[in-house]
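In structure tokens below, several structures.
Both complexes shown next keep chain A, but they swap its partner, so chain B is in the first and chain C is in the second.
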Partner chain A sequence: MTDNTLDRRRLLTSAVVGGAGLVAASALGSLAPEAAFAAPQTIDAGAPDPNFAEGRITGIAAGMLYVTGSDTALHRIRITNATSVWKLIPTGIDAAAVGDGLYARGLRMDDGTLAADAVWINIVNLQAHIVAIGKNQLHLDHKGKRIVGHVVPGRSAVSYNNTPAVTDMSMLKVGRHVQVIGAWVPDTNEVQIATVYAGTHSH
Partner chain B sequence: MAALTGEMSWFCCGSSWGPCATVGHGACGTCNSGNRQHAWPNTSDACFSITRPDRCGISGMSRRGCGFQHTTTNRCNGKSVTTSIADCGPQTDLFCGERACCGGVCGTNRVIDLTPAAYSLIASLSSGLQPCTITA
Partner chain C sequence: MHPWIPALQPLLLAAVLLWSARLKLAHPLAEAAARRSALAQLVGEARALPAYRAVGAVEAAVAVALLVPAARPLSGYASAALTTGFVAYLGYARIAAPESSCGCMSAARTPVRWRAFARAALLVAASVLAATAATGWPAALADHPVPAAALLLAEAAAVLALSAELDRHWLDQLRQLRVRLTSPLPAGGFDIPLASTVEQLHRSPVWHDTAGLLTSDLREHWDEEEWRLLLFTARHGEHTVSAVYAVPRLRYEPASVRLALVDEQTGQTVATHTATPDTPLPAWVNDRQPVAA
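This part shows the complex of A and B:
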């Protein structure tokens, strides 16, 4: 474990203890969703990452997310006002709901909690091809299973081979391979689309 | 292997939720989203016949099997992570010629998929796609 890690742990501990008045873990690194990274680690390649958690939210209380991992491990994820939260858009912890899935990265504290730098709620990254296009919908085939992707006005965008992302999805065609970053909707098992990366080949 | 530049993305594997709930543990049988692992397009003849990086003009992508370690550097911020092979992928030929850029730095063609645990160490999951350099 590096000195930097220890410094971060001390800072995050004080942040947790300090509650709303915390200085913010960003003193040792950005906490924006696009730049929330943990300190250098000595974790072996291939090994589970103790500073990462995955699972579904089973409870929310006083700045803590209680999460049951898909492997049944239980996680307590501490949210501070320095934690970045993504749920289709950068948002706050108020957007989290019991039943949501998540990935979280932060720093595992001595008491076993994960002090989160970043939490991505319901985020999915689908490699799929388009099987139908409806009004504000893309019907996707993801590993042989159909998934409905909903276009969210003002949010959903598409990037055609490194062109700047645009909201106009009219160039998407049935059969086109796509990568879709979106937010899974647990109640319907459908997806709200954040960004579509259009492939160069069709199915 | 000489350093390979291209695009990196992320994928889920192992026990998970949502659309990832049924994806399994990957070609090596060891893949988990919470582990520092990656998918590599040239793990076997069978794998290569699916991913076909050669169709995108990529040469020098070494044949490497399960457990082999690569270090991936996010060219947008210089952050690196070392991971081991746990699956076959990405399907490079479906996105031939695609570029991911940040500022003036670009990567062309998909050459590696990292698990969420690995990708989130060097980039935000919501970024989806980033230019990278890979070394053995």
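This part shows the complex of A and C:
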């Protein structure tokens, strides 16, 4: 981690927990949610949402991702330092690779690029059941297809019965239904597990 | 081949068919099983249950016939016809309704896969053998009790192994036993995963007030003593600013979550927000006097 990042984080940390220089809540007129939607965009019914893109990365240039949508539409997606990039963890554009799938949300600019607010790379949401458990692996049956879920130590978490997530995965059981949020490994039947939602009651 | 081997097949077939017929005729979930099976597609939703029950009745009748030695070899032919029908049904289900349930031997939802075909093929082979039997099963059982028992057990085990719908009774249990013995997944550990902190944030009053300002998802996070800091991008008036949420790291206390909006270009904190604390109880709550009569 660079000194630059550390300095930046120190500044941001002190702004919220430093205690000094608190800005009065009355100065927060624009905290009302309406402010965020001050200029609602109108979208024609049936037309694709111009502020959303989906597809696979076919090229990467400085600050720009070239993406081919599953409807073969081509998107240019601009990433700035205000853009959130998720690829199993919150990360940056450096983590993107050609061949990755993505969803991006942002604002369509006049030049046709999508200035992205948020990008999720390879994210998948699976309803499946556990058919076997191996060393740091969940073997999942998803609509009759086998998917291997890799546990990433220190990252993967489980929420049992909708309680706050924990890193202890030992209560997962073969045969149980789970919901898995994870990062797909392109062109394989494997995912890296971000969060598993599981019940512990038999059914 | 020993002549007693074909003679025993009616026992296996009758057991499998009776099990299967019981599901279709007497199981409380038979209706749901019928609706999920490919029969619903084949004969229509409305006729699926009667058709399902009819199949069960035929299975039961053939099973009973197989158990009556006098019905030989006609019962063998009937069984061969029925089990060949199973193969045809599975083929239809696989092609026309691949996501439908087999509905074969359990009400548990079981898509048709290769094991179902292998089991049906096994039953066809047993039926053909049964039709060629020269003696009845009571005689074969009496003459060769030990090998007969071993053969029937092996065949029953093969049917069980090929029945995906029965996996949860033995295969899942075995695999879970192995999990218990080898503990392949991380256990324990006191690290608080990011997902837990994000969830606490989502349940906080500060988030409810300010989530509408955010434009991005989580950009960055780091820990600072008792806090975990979560960084988002937000809109503040015309400006794009960074939203820094401080969330208690080791405590679950959503009301303590606080926010600062920082313009990173200038380093200025443009706004902060914390939850409104509980108001102190007014005096009339604590100092209530009895009302004079």
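As a working rule, the second predicted complex is superposed on the first by the 150 of 203 C-alpha atoms of A that agree within 3 Å, B and C clash if a C-alpha of one lies under 4 Å from a C-alpha of the other, contacts with A are read in each partner's own complex, and residues count from 1 in each chain.
We take it that contacts are C-beta pairs under 8 Å (C-beta built on N, C-alpha and C of every residue); 3 or more make two chains touch, one makes a residue touch a chain.
This is a predicted model, so every value here is computed, not measured.
Novice: Figure out whether A:86 sits in contact with chain B (first) or chain C (second), or with both, or with neither.
Specialist: After superposing on A, A:86 lies in contact with both chain B and chain C.
Novice: May I ask you to decide whether A:127 touches chain B, chain C, both, or neither, giving the answer as first, second, both or neither?
Specialist: first
Novice: Quick check for you: in the superposed arrangement, does A:194 touch first (chain B), second (chain C), both or neither?
Specialist: both
Novice: Contacts for A:168 in the overlay, against chain B (first) and chain C (second): which applies, first, second, both or neither?
Specialist: The answer is second: A:168 touches chain C but not chain B.
Novice: Would you sort A:118 into first (chain B), second (chain C), both or neither based on which partner it touches?
Specialist: The answer is both, since A:118 touches chain B and chain C.
Novice: Could you tell me if A:143 is touching chain B, chain C, both of them or neither one (first, second, both, neither)?
Specialist: Both partners, chain B and chain C.
Novice: After lining up the shared chain so the two structures overlap, which partner does A:186 touch, if you call chain B first and chain C second: first, second, both or neither?
Specialist: A:186 contacts chain B only, not chain C.
Novice: Answer with first, second, both or neither: which of chain B and chain C does A:157 touch in the superposed model?
Specialist: Second partner only.
Novice: Give me the intersection of chain A's contacts with chain B and its contacts with chain C, in residue numbers.
Specialist: 32-37, 86, 118, 120, 143, 194-195
Novice: What does chain B use to touch chain A in their complex?
Specialist: Spelled out, the residues of chain B in touch with chain A are 9-12, 14-23, 30, 32-37, 67, 69, 77, 79, 82-84, 86, 90-91, 93-101, 106, 116-118, 120-129.
Novice: With touch defined as at the start, can you tell me which chain A residues reach chain C in the complex?
Specialist: On the chain A side, the touching residues are 8-9, 11-13, 15-17, 21-23, 25, 27-28, 30-37, 82-86, 89-90, 117-118, 120, 131-137, 143-144, 151, 153-157, 159, 164-170, 172-175, 194-195.
Novice: Could you list, by residue number, the parts of chain C that touch chain A in their complex?
Specialist: These residues of chain C touch chain A: 98-99, 111, 113, 168, 172, 175-176, 179, 182-189, 191, 193-196, 199-200, 209-222, 224, 227, 229, 231-233, 235-237, 240, 242, 244-246, 252, 258-260, 262, 264, 267, 269-274.
Novice: Across the complex, what residues on chain A touch chain B?
Specialist: That would be residues 32-38, 41, 43-49, 52-56, 69-71, 86, 101, 103, 105, 118, 120, 122-127, 142-143, 145, 147, 161-162, 177, 179, 181, 184, 186, 189, 191, 194-195, 197, 199-201 of chain A.
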